[in-house]
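Structures follow.
Heads up, the next two complexes both have chain A, just with different partners, chain B and then chain C.
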Partner chain A sequence: MVVREYSEELQYLERLTPHSWRIKKGFQPNMNVECKFYVNQHLEELMFEELKNSCRPGTIGGFLPGMKQIANVAALPGIVGNSIGLPDVHSGYGFAIGNMAAFDISNPDSIVSPGGVGFDINCGVRLLRTNLMEKDVQQVKESLAQSLFDHIPVGVGSKGIIPMNAKDLEEALEMGVDWSLREGYVWAEDKEHCEEYGRMLNADPSKVSLRAKKRGLPQLGTLGAGNHYAEIQIVDEIFDKYAATKMGIDCIGQVCVMIHSGSRGFGHQVATDALVEMEKAMARDKIETNDRQLACARINSVEGQNYLNAMAAAANFAWVNRSSMTFLTRQAFAKQFNSSPDDLDMHVIYDVSHNIAKIEEHIVDGKLKTLLVHRKGSTRAFPPYHPLIPVDYQLTGQPVLIGGTMGTCSYVLTGTHKGMQETFGSTCHGAGRALSRAKSRRNIGYQDVLDKLQQSGIAIRVASPKLVMEEAPESYKDVTEVVDTCHAAGISKKAIKLRPIAVIKG
Partner chain B sequence: MDLQACYVIIGGGIAGVSCAETLTTLTNESILLISGSDVVKVTRNVNQLTEALTQFDVEDQSASEFESTFPGLAVSTGVTVVTLNPELRELKLSDGRVARYEKGVCLCVGASPKTLDGAESAENLVFTLRDMESVASLIEKLKDARKVAVVGNGGIATELVYTLKGVQDMVWVVRDKHISAAFVDPGAAQFFINSGGLTEAGQKKGATVIKRLTYQSQNGTKKECQGAALGPDWHTKFKVEGPNGDKMPNIHIEYETEVKRIIKRGETGFPAELNNWPVVLELTNKSLIGCDLVVNAIGVLPNCKMFDGVLDMASPEQGSGIKVDKAMRTSADGVFAAGDVIFANWMKEKHWFQMRLWTQARQMGCQAARAMAVPSSVSMFDFSFEMFAHVTKFFGFKVVLLGLYNGQKMNPGDWEALLRVTPGKEFIKLVIANGKVQGAVLIGETELEETCENLILNQLDVSALGDDLLNPDIDIEDYFD
Partner chain C sequence: MEDHEIDGELGPFAPEVYDIPWKQYEYLDHTADVQLHSWGDTVEECFEQCAVAMFDYISELDKCDILEMRRVSVEGHDMLSLLYNFLDECLFMFNCEPFFLAKKVKIIEFDRTAWKIRAELYGEEFDLEKHPQGTEVKAITYSNMQVHEDKPQKEVFVIIDI
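Our next item is the complex of A and B:
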């Protein structure tokens, strides 16, 4: 990484609008296109502070600031348009999380990069509605949450409700939601309201390693730890009445369930396998990148195609996962309210993915092109009249589900034409963790612990903060800020706000 | 009357019960569980924290209650196995009866505590802590104890030291340079001590509801064998208390020494100056310790003597045990084994090693069931043995151990530890070799289990991140998402 003076770096940055900035070529070496990132005033401060800190002398190793990562992506072969940073952008492996980049398939140099998809392939969000109101649920909140918790299986091997064996896994990987439909776990309408109709057709289970399958099998149908969760939510605010109505949301106080989950260990293994393969092939295909973590392969190479087909299998895995949880959520509610999921109107409003690579058609410089769009920590947001969105959303645009962090509020947005033009139909995915909120982690007063370790002959390194952080409660990229910024920038439009009343964590 | 079933399982501990439970989901054929004691161990609230890491509660259930939960499962108690004949598919039991299996037998007979020299003659004064019954006896004895000596440095010893109250003084005799050596390193041990783990203040933090365990013994036959091993959180189910009620004892730790022998008052060699104590420990470091009671928690040996000559065994140097492959198969056709009694005789994955823990016992029990009922499926599930993973609680802290958490299988110069410590809150140690994470010790609510597990299983090169991997100002979970 080139370490320049901060003032020098600023010369490559130019404000475009109150909500967007431009990064010119030269900010990082070998940039093929310019970059653009979306911010509001506060988020802008965070971005620039991050950059400033990295320019201090003596800073070695560690995380690249978001701006630098976005710029390194712009240096990848075959990229078109801009490398885009959404308002929730923050450091990630290879690509930053909240970075969108699209590559022209007709260009033989174009690449595909697993870092641009993420390890948790098809980590995404699904929203179910009900016709219950908050008052119906408040009294039974605890038992409902418990019921959900009890119903969601903890995996194969213990008494999972949805049985799964190796053969089931193969079929699920190939068929995605069609498997769930065949097995009777989902409604036919659910497919309509899912990206790719819940199944990527180019999925090839034979391109998935045995190790990935072994990691995946016990986890199929489970929620996962970390930032995966299911929430019972209440409609808190309606910004776009028409769009909300089309989604079946009629009034404030209506109860919904949001499921946030992905492919977990399975996705991790698929990504890892691909990174290893691609690193080997890069010398052969003469691909150079600014960052080793940006390992990639030509889209049409064997490695590239293998990855895309395995990635599709992982995506299907995640859709089957969310479908399984949908089934169990419907059962839990039906049981609690002594009704049927049908009578409770528990339809899927939509299901979006925010870690995925898709082949899409977009207008670039006035011409229609087929692109491979990488969205990592970024959600597809197609506008009204787009052929790939369901009939009932043709007039409103595709619903975009934004889960905040567990316990904070969530949003539903819709896609816009402006977004289609500026970001190839992409918007944010949630909140951005710039800096940890756990300020209680400080490294003082444990010298004797270190001494004891050293005495036993182990080489030790201690992780200390690079900077002295004063109170930094605002360093967190809050979901409301992020969503408002996208709205102000015109790349997506706010429709509904939801607040959680119960959370289920795996 | 002789017994007969399609599948027979010997042992009512976690391995045996997990095997039986899994079998009931895989087959409709008859299953017979033979348990030496009336009480079996059942798992509850199984919580799959991450792929490899499972947390669960272990409860004791009467054998008859367990039996009634599963149709097709019969439970026979109060007998143990004397001999095994794999050709005839027959077992001879201690009451003279014969048990026959059609398709498979799974030996989950566990392990027995090692004994201390001199313990036999001092029988009332030396307690070997192994199962629920010995704990119950211990509680009885503690009522009048002024000073207790705890010998051993494993999980049970550690948990006991933390739990024991109302005794004025305690001496903890450990073989290693630091406490809880089997699980944590000297640094972590110090972290526990600093956090007040062994003091009054530290205790208040880890308070759990403690209830007295009662169970009905079904047929009151005299027990000839011991019960199953204690299982996780055993100490929270008992009030292990001496005459001083709630107070924490003064704890003195004797490091790097072992018990040479135990001398009872009145025996030759008993030091006169310690005459106010009924028993004395002579340590290898020459110390003489007088006390009212000795608790032996020095480890176990697999109960496999009765299978000598019939099945392949590991040598005493290797740690003994019935040799099994990844599908829990022994050297005899149709004979499987799981849990503490086995010796893992397969090419081990880099990040896995055998340790006699309930988490492994459960995984092995489930695997044995699959191998018996659906042999073709077994290779898809052997991921349990891909990475060592264990979660437990010490001194009130959640402790997660992943992979080669203490640099096991590696030479000291080949790896380094990356640390982040917040006194009293969390202790995080990542074992890094070749720029990749090979193991992790996570103490406290770190929320890093899944991230570390993924890093170990993926073997992702993290050298570029340097120390920032554990930078306290960054939530690293997101980075690898």
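Our next item is the complex of A and C:
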């Protein structure tokens, strides 16, 4: 890749609004469309600094700056609209994390790319409500945290406790949440409040390798590690009273539970398998990209279809996973308060995916088109009246769940019409990393992090002490900044802010 | 990848088996993930050290004992894919039966024409009661993967997704 002078690079960048920038064609070779990224002043500084550092001669690749990655995606065949960078964007494999890209299905050249979905297929967030108030849980938060930690298998090497064999897995992959419902792990209304109703219909377990199934089976119903977590949260601020009420959030102080998890080793294996297949297919179909990691296949090729069907199975796996953890959470709470999940009103507010590819209809240049929308580290945010969102949210728009990092606040947003136009109904997913894990482990003390959390009144249960430093809030961008930027840009609207009082991590 | 027969032996083993080589690896900065860097006199050594580096990241190996040995066989079509498949197979050994944590890795065959490796992994089954939980490794990546053979000290760099 040609390394230009920083000043030359700047020629291709143009500020559009105080919250958005445009990347013109030519910033990277072969761009088919322009790019757009959303930032506020501080986030903008971070992005430009990243770009500047990469322009210094002698810098070897390892990862390209986010801006360059967004531009490389714009060079993929069949892309329409813009390659979008959300405010939490940071470098990833091929696609940046916090990158949305949509491809016109009617164009035979259009591609599908596993890198545009991410290794953790259907990594997402689920929010449960309760009718408990902060005063009900403050006294018992340590024991509640412990109970959740004991009920939900967490961390490296943990195995699922919900009994499953290979046949169960096949059915779960095909049926998604319908399997959980049949087995009695979820309530019927949970389905309604989940993207795709918790089941992608094109899932085909036969397109999933035995290896992936072997990795997945022991991990079904586990939380995972890294930045995955379960948190007991308290409603801290309500920005949109009407939307909050529709979600069953009536007042400040209400207790909720947020679960952030994905498809575990299963999804990773599916992504890995697909990348290997597609690399071979690219030579055959003469697909060229700017980055080896942007391995992709024509949507209508065998490899493309196989991936989409396997991806759907992995998505179903993640929904079954979050459903299983919902079940375990409901049990833990019921036990603690000597009640039933029913009486505690522990409904699912919503369940969103932030690593997934979806077939959706959008208006492009005034025409209705069917697109394959890749959202990697980006959450769907459909506006009011959209047919795919539940009846309950028709007037408010889709709830968008944005998990903060360990110990920081989380948000619920709603989708907007502006977002639908500008970003094909996509918004941020969380905070995005600022410091590398190694740097975090060197600079941030484990005890300091725990003490800080203690002082903030947050009960914490973590499987791996090492992770505590890597996951410290200082290692991440500020989620409030990210969410405020999306709000200011009009691509999603703030509804509720939540703060954690207990954190369970792998 | 097709399924294959898991092949191995239970200890005790010959005394030399219990000698752990010097640690020839480190973890390097990367924003969301980690880069394994290993070195040695031969490429085989680098591969061995790289695999151990990965296991060490998953669970600190000082609590791991050498109780069993498991053999792995992998193939590739070039050096990088061989390294990738080798590490992927080691990861698979941890994530599924036998849920194996290896403290020491010995490559017994490294074929540069057919691009094949056979290796022996020495360690034990992961036990939540005994072994610390480190960081989950989700996948091996080709991102900036490097195998340097041109100097007397050979080096390998691999970024793993965590």
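Descriptive notes on the structure:
One rule holds in what follows: the second predicted complex is superposed on the first by the 455 of 506 C-alpha atoms of A that agree within 3 Å, B and C clash if a C-alpha of one lies under 4 Å from a C-alpha of the other, contacts with A are read in each partner's own complex, and residues count from 1 in each chain.
We adopt the following convention: contacts are C-beta pairs under 8 Å (C-beta built on N, C-alpha and C of every residue); 3 or more make two chains touch, one makes a residue touch a chain.
Please read all numbers here as calculations on a predicted model, not as lab measurements.
When the two structures are aligned on the shared chain, A:293 is found in touch with chain B and with chain C. With both complexes superposed, B is the one of chain B and chain C in contact with more chain A residues.
Contacts of A:461 after superposition on the shared chain: chain B is touched, whereas chain C is not. Of the two partner chains placed by superposition, only chain C is touched by A:209; chain B is not. Residue contacts after overlaying the shared chain place A:166 against chain B, while chain C stays out of touching range.
By the touch criterion defined above, A:449 reaches chain B but does not reach chain C.
Residue contacts after overlaying the shared chain place A:355 against chain B, while chain C stays out of touching range.
Judged by the touch definition given at the top, the superposed model places A:407 against neither chain B nor chain C. Once both structures are placed on chain A, chain A residues 60-63, 90-93, 97, 119-120, 155, 157-158, 214-215, 218-219, 224-226, 265, 268-269, 271-272, 292-293, 433, 435-438, 463-467, 506 are touched by chain B and, in the other complex, by chain C. Across the interface of their complex, chain C is touched by residues 60-63, 90-93, 97, 119-120, 155-158, 209-211, 214-215, 218-219, 224-226, 265, 268-269, 271-273, 292-293, 433, 435-439, 463-467, 470, 506 of chain A. Those residues of chain B whose C-beta lies close enough to touch chain A in the complex are 22, 25, 46-51, 177-178, 185-191, 194, 366, 377, 380-383, 386, 407, 412-413, 415-423, 425-427, 447, 449-451, 453-454, 457-460, 464-475, 477-481. Considering their complex, residues 60-63, 90-93, 97, 118-120, 123, 154-155, 157-159, 165-166, 213-215, 217-219, 222, 224-227, 264-265, 268-269, 271-272, 275, 292-293, 355, 377, 433, 435-438, 440-443, 445-446, 448-450, 452-453, 455-467, 469, 506 of chain A touch chain B. By the touch criterion given at the top, residues 1-3, 27-35, 58-59, 88, 92, 94-97, 99, 126, 128, 131-136, 138-144, 159, 161-162 of chain C touch chain A in their complex.
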